[in-house]
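In the two complexes that follow, chain A is the common piece, with chain B as its partner first and chain C second.
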Partner chain A sequence: MIRRAKGVIFFSICAIATLIAVSLLFVIVGVIFSKGISAFSVTFLTEESKNFGQTGGIFFQILGTIILITSAGILSLPIALGTAVYQTEYLWPSFRRAASIVLYALNGVPTIIFGLFGYAVFGLLLNVGVSWVSGTFILAIMILPTLTVSIKEAIDSIPVKYRESGLSLGFSKWKLIRVIIIPHSFFGIVTGLLLGLARAAGETAAIMFTATVFSGVNVPRSFLEPITTLQTHILVLAQEALNPQARTNAWGAALALVMIVFFISIVSMFIRSRIRLEAER
Partner chain B sequence: MMPLFSLNNVSLFYGKAPIVRDINITFAEKRVICIIGPSGSGKSTLLRTFNRMNDLTPSFECKGSVLFDGHDIYNNGTKVCQLRQHVGMVFQKPCIFPKSIYDNVLFGVRQLYRMKKIEHQQVVEETLKAVYLWDEVKDKLRSSALELSQGQQQRLTIARALAVKPRVILLDEPTSSLDHKSAGAIDALINNLKGEITVIMVTHKLDQARRIADDVVFMCDGMICEAGTSKHIFETPGKSETKCYIKGEEINVPIKGFVSSQVIRLKAEGY
Partner chain C sequence: MFQLNRFGPARIIFASSFFISISIIVVIFFFLITNSLPIFYLEGWDFLTGTHWYVGEVYGALPMIYVTVLVTLLALCFAFPLGLGTAIIASEFLPERYRLIVKMVMELLAGIPGVVYGLLGIVLLTTTVQRVFNLIDGNCILTAGLLLGVMILPTIMTVSEDALRTVPKEYREQALALGLNHSEVVLTAVLPAAAKGILGAVLLSTSRAMGETISVMLVIGSLDRIPSPFFNIFTTAQTITSKLGREASEALGVGYHWNALIGLALVLFIMSMGMAFIGDIIVVKEKRV
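Right, the complex of A and B next:
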């Protein structure tokens, strides 16, 4: 009887915990949606911001976010791919775990540290100032672990028989990587990239004093110019506590950002299920 | 004539444990050789030595010399990729890439040789005919190979290995996951290859070995118990273990490291 009661209590605790976790997401999204929807319109998405963001739209902020995360992704992808392939194909098996631990540690570094590091390197040492290139490098380093781990998982899930077949045909290691390993981890590469982009899209601390500015910029015309993003826009507008229109626009920008991140995450989840199908074959 | 493979005092280890011990044997070219024996007797380990597929296991070690065409393949100078181009291999379960039938046949060819498209078509037709698959798939070469039956997939796997024109093909129980009819089709294709290339096959099925082998090697407890022509092994075997095994009776094999009163009983499977 007591054992049964214990079971019921444990079940209830787990169920409540799950409920809290799930409902939190709904609360956050619900609040953003209800507060942001009044600012949301076609003109809000397609117009440039005016009057320090208090009027006008967020077109260049959306564009800036997309440009910044895309360039970070493009820079990060070859490094992550190389790291993952080196780790699974070339590194001695006993060192593979150590390499994974280093990657996870890099993943755990608070993003403000990346910002500080970026400021020290790009702002002070290279003297490029607040610029698109600084943001690209910082975000690329930040998403590197996510991307590498995802690609590594995809490579690990390639059936052994594919490798054996390639090797028994007389493929060299390079041919095996080019013809079997990379094509068969394609979905893992795309998923990792999207997860990394979603993470980069939500990042503010690392880029707010190295890459982004609030106003005066539309689209950077060179790598050395600063960029404007949704994250910074929200941060600055939210501080305008006294101006109700500014706050509404902040919620509107937040809604746009959440929609971008959700879209990327859902696409990556969809592709992830494809990897499983591929692995089960 | 120089033997194709010549093994001298070969012992194979995974870690410190010897899996195969003191092998001395030669194989002539263009013969069909079947390696038979109870489970755990080291047949597959021996087979994977001929194209150094054992190298994939980090703790593997080979002592003695394995000569292919007079060259020691475990010598440092050996180009393993080239060796494997000459000595192809097909495993227990069919391995099909998620591509068309046509692309599966050409999977190795495209990477290893420069050829014109018209030559590609010839290679596909030739090899699919050699594995008796051409008539079944000639109208759907561009459709996915994953739609084929298990038996057809295994013949396609063999076709892919044959397409790169190896001198030897190693087959590791190629019919163990197939039904009777599909297995029969594989036997027919091996018979078709007789005199063309060397086939070394591990099998549990004695009736299969009896039907297709020119030479038979009987392994037991990590050693070659007896080897000879198919006729010799199946009709006039010299050793009592061989006699028992081909009759499907139990063999008593004392395993090293066990107390002598403990005896492991091995039985011919699939017989």
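Right, the complex of A and C next:
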């Protein structure tokens, strides 16, 4: 009897915790959607922002976020791929674990430190100021571990027999990588890239004093010009406590940003489940 | 001839990208050390133990360090029971299909940007906290702790769920064979076996919570003082990250103010990376036995 009662109590505690957690998160998503939807309209999504973001839309902010994460992804991908391939194919096995630990450590660096580092390197040392190129480099560095780890896991999961058949055909290492390793880790590469992009899209602290400005910018015409993003837009508008119209626009921008991040994450989950299906086959 | 492949162009390209990746963390560490050295020359250990921070006069980092730890602990106290409870239900009691749905939803939620949480915090949480606890200002340590707790909840849940799933089926079967009921199986067989992985989950989310900047900055106020009494969580304060986020662009990259801020960043770097590092080692070990 007592044992059973204890079991029931344990289960109910866990169930209550689950209920609270799930309803909390539902409330959060519900609030973001309901408040954001009321700001959404065709003009809100297609117009430029006016009057310091208090009126007008968020077209260039959306574009800025997409431009910035795309350029960071393009810069980060080859380096991550090279790192993962070098680590799995060339590096001495006894060093592989140490290399992984270093990469994991990079993943643990608080993002604001990337921002400070970028400010010192691009703002002071190279004197390019607040610019698209600094944001690209900083975000590329930030998402590098995400990409590398994902690609490395994909390479590790390639069945040994594929490598063996390649080697038995007399492939050189380079040919093995080109013909077997990279094609067979393709989905892992894409998943890693998408995870990295989602992470970059949600990042504010790393780029707020290096790449983005709040107003007066549309599309950067060169790498040295500043860019405007949804993240910065929300950050500034959120602090406009007294203006209800600014608040509404902040919610609209927040919904747009959340939808971008969710879209990227859902695509990456979809691809990941396909990898799993292929692995089981 | 055989040396050609060893140092061929392909290898050089791969090797250079590898060394770029590895050296980044070293460069960042070097940057933090060199840029914060002057403040340690100026203040010595007082930089870490001083309680006053007046730009141009004295730089004491203790209030920020203490509040960072306090806020993180609050967030953990709030998120850990909820996250672990959810993980237990998902992993041990839900059918496979629902488990995957819960997990996917949690992974999605983990991606909600910090700045959006900050907006939620400013608009909803500060006013709620202010009303419920009858405060003058809703921007306080408690608000920041609660907000951070909600932010790390999905991470705690998914990583502890992973830890629970790695416990082999045989453990559960043997415990069942001994005549234990479902809850007892979880309590006596599964949880102890997954304890290390769960600890890893906690450390990882602690590290993430410490480094979170925007949302904390928006709801904690900005008072560089140790709360009095020291456990008073209803007062405005300043964490390391909120200090950095607010003042870094004012410091303009030179002088003691900048050195002091980088000194703070160095402290944060060591605390946060230490956590992530230990957590990763534990989790990775658990995963790749």
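One rule holds in what follows: the second predicted complex is superposed on the first by the 256 of 281 C-alpha atoms of A that agree within 3 Å, B and C clash if a C-alpha of one lies under 4 Å from a C-alpha of the other, contacts with A are read in each partner's own complex, and residues count from 1 in each chain.
The working rule: a contact is a pair of C-beta atoms (placed from the backbone, for glycine too) under 8 Å apart; a residue touches a chain by one contact, two chains touch by 3 or more.
Not measured: the values here are computed from a predicted model.
In the three-chain model built by superposing on chain A, chain B and chain C fit together without any clash. In the superposed model, A:Glu164 makes contact with chain B only, not with chain C. When the two structures are aligned on the shared chain, A:Phe186 is found in touch with neither chain B nor chain C. Of the two partner chains placed by superposition, only chain C is touched by A:Arg247; chain B is not. When the two complexes are overlaid on their common chain A, residue A:Phe33 makes contact with neither chain B nor chain C. Once the two complexes are laid over each other on the shared chain, residue contacts for A:Ser172 go to chain B and to chain C alike.
Contacts of A:Gly123 after superposition on the shared chain: chain C is touched, whereas chain B is not.
By the document's definition of touching, of the two partners only chain B reaches A:Pro93; chain C does not. When the two complexes are overlaid on their common chain A, residue A:Phe59 makes contact with neither chain B nor chain C. Considering which of chain B and chain C touches more of chain A, the answer is C. Between the Cα centres of chain B and chain C, as seen from that of chain A, there is an angle of 100°, stated in steps of 10. Nowhere in the superposition do the C-alpha atoms of chain B and chain C come closer than 7 Å.
Counting contacts by the rule stated earlier, residues 172 of chain A appear in both its interface with chain B and its interface with chain C. Within the complex, the chain C residues that touch chain A are 5, 8, 10-11, 13-18, 20-22, 24-25, 28, 31-32, 35, 81-86, 88-90, 93, 102, 104-109, 111-116, 118-120, 122-124, 150, 153-154, 157, 181-184, 186-187, 207, 210-214, 218, 241, 244-245, 248-249, 253-254, 261-262, 265, 268-269, 272-273, 275-277, 280-281, 284. Remark: chain A residues 93, 159, 161-165, 167-172, 175, 179, 278, 281 touch chain B in the complex.
Contact residues of chain B toward chain A in the complex are 51, 53, 56, 58, 81-86, 88-91, 93, 95, 97-98, 107-108, 111-112, 146, 157, 160-161, 164.
Residue ranges of chain A in contact with chain C, taken from their complex: 3-4, 6-8, 10-11, 13-18, 20-22, 24-25, 28-29, 31-32, 78-83, 85-87, 89-91, 99-117, 119-121, 123-124, 141, 144, 148, 172-174, 177, 198-199, 201-205, 208-209, 231, 234-235, 238-239, 241, 247, 250-251, 254, 257-258, 261-262, 265-266, 269.
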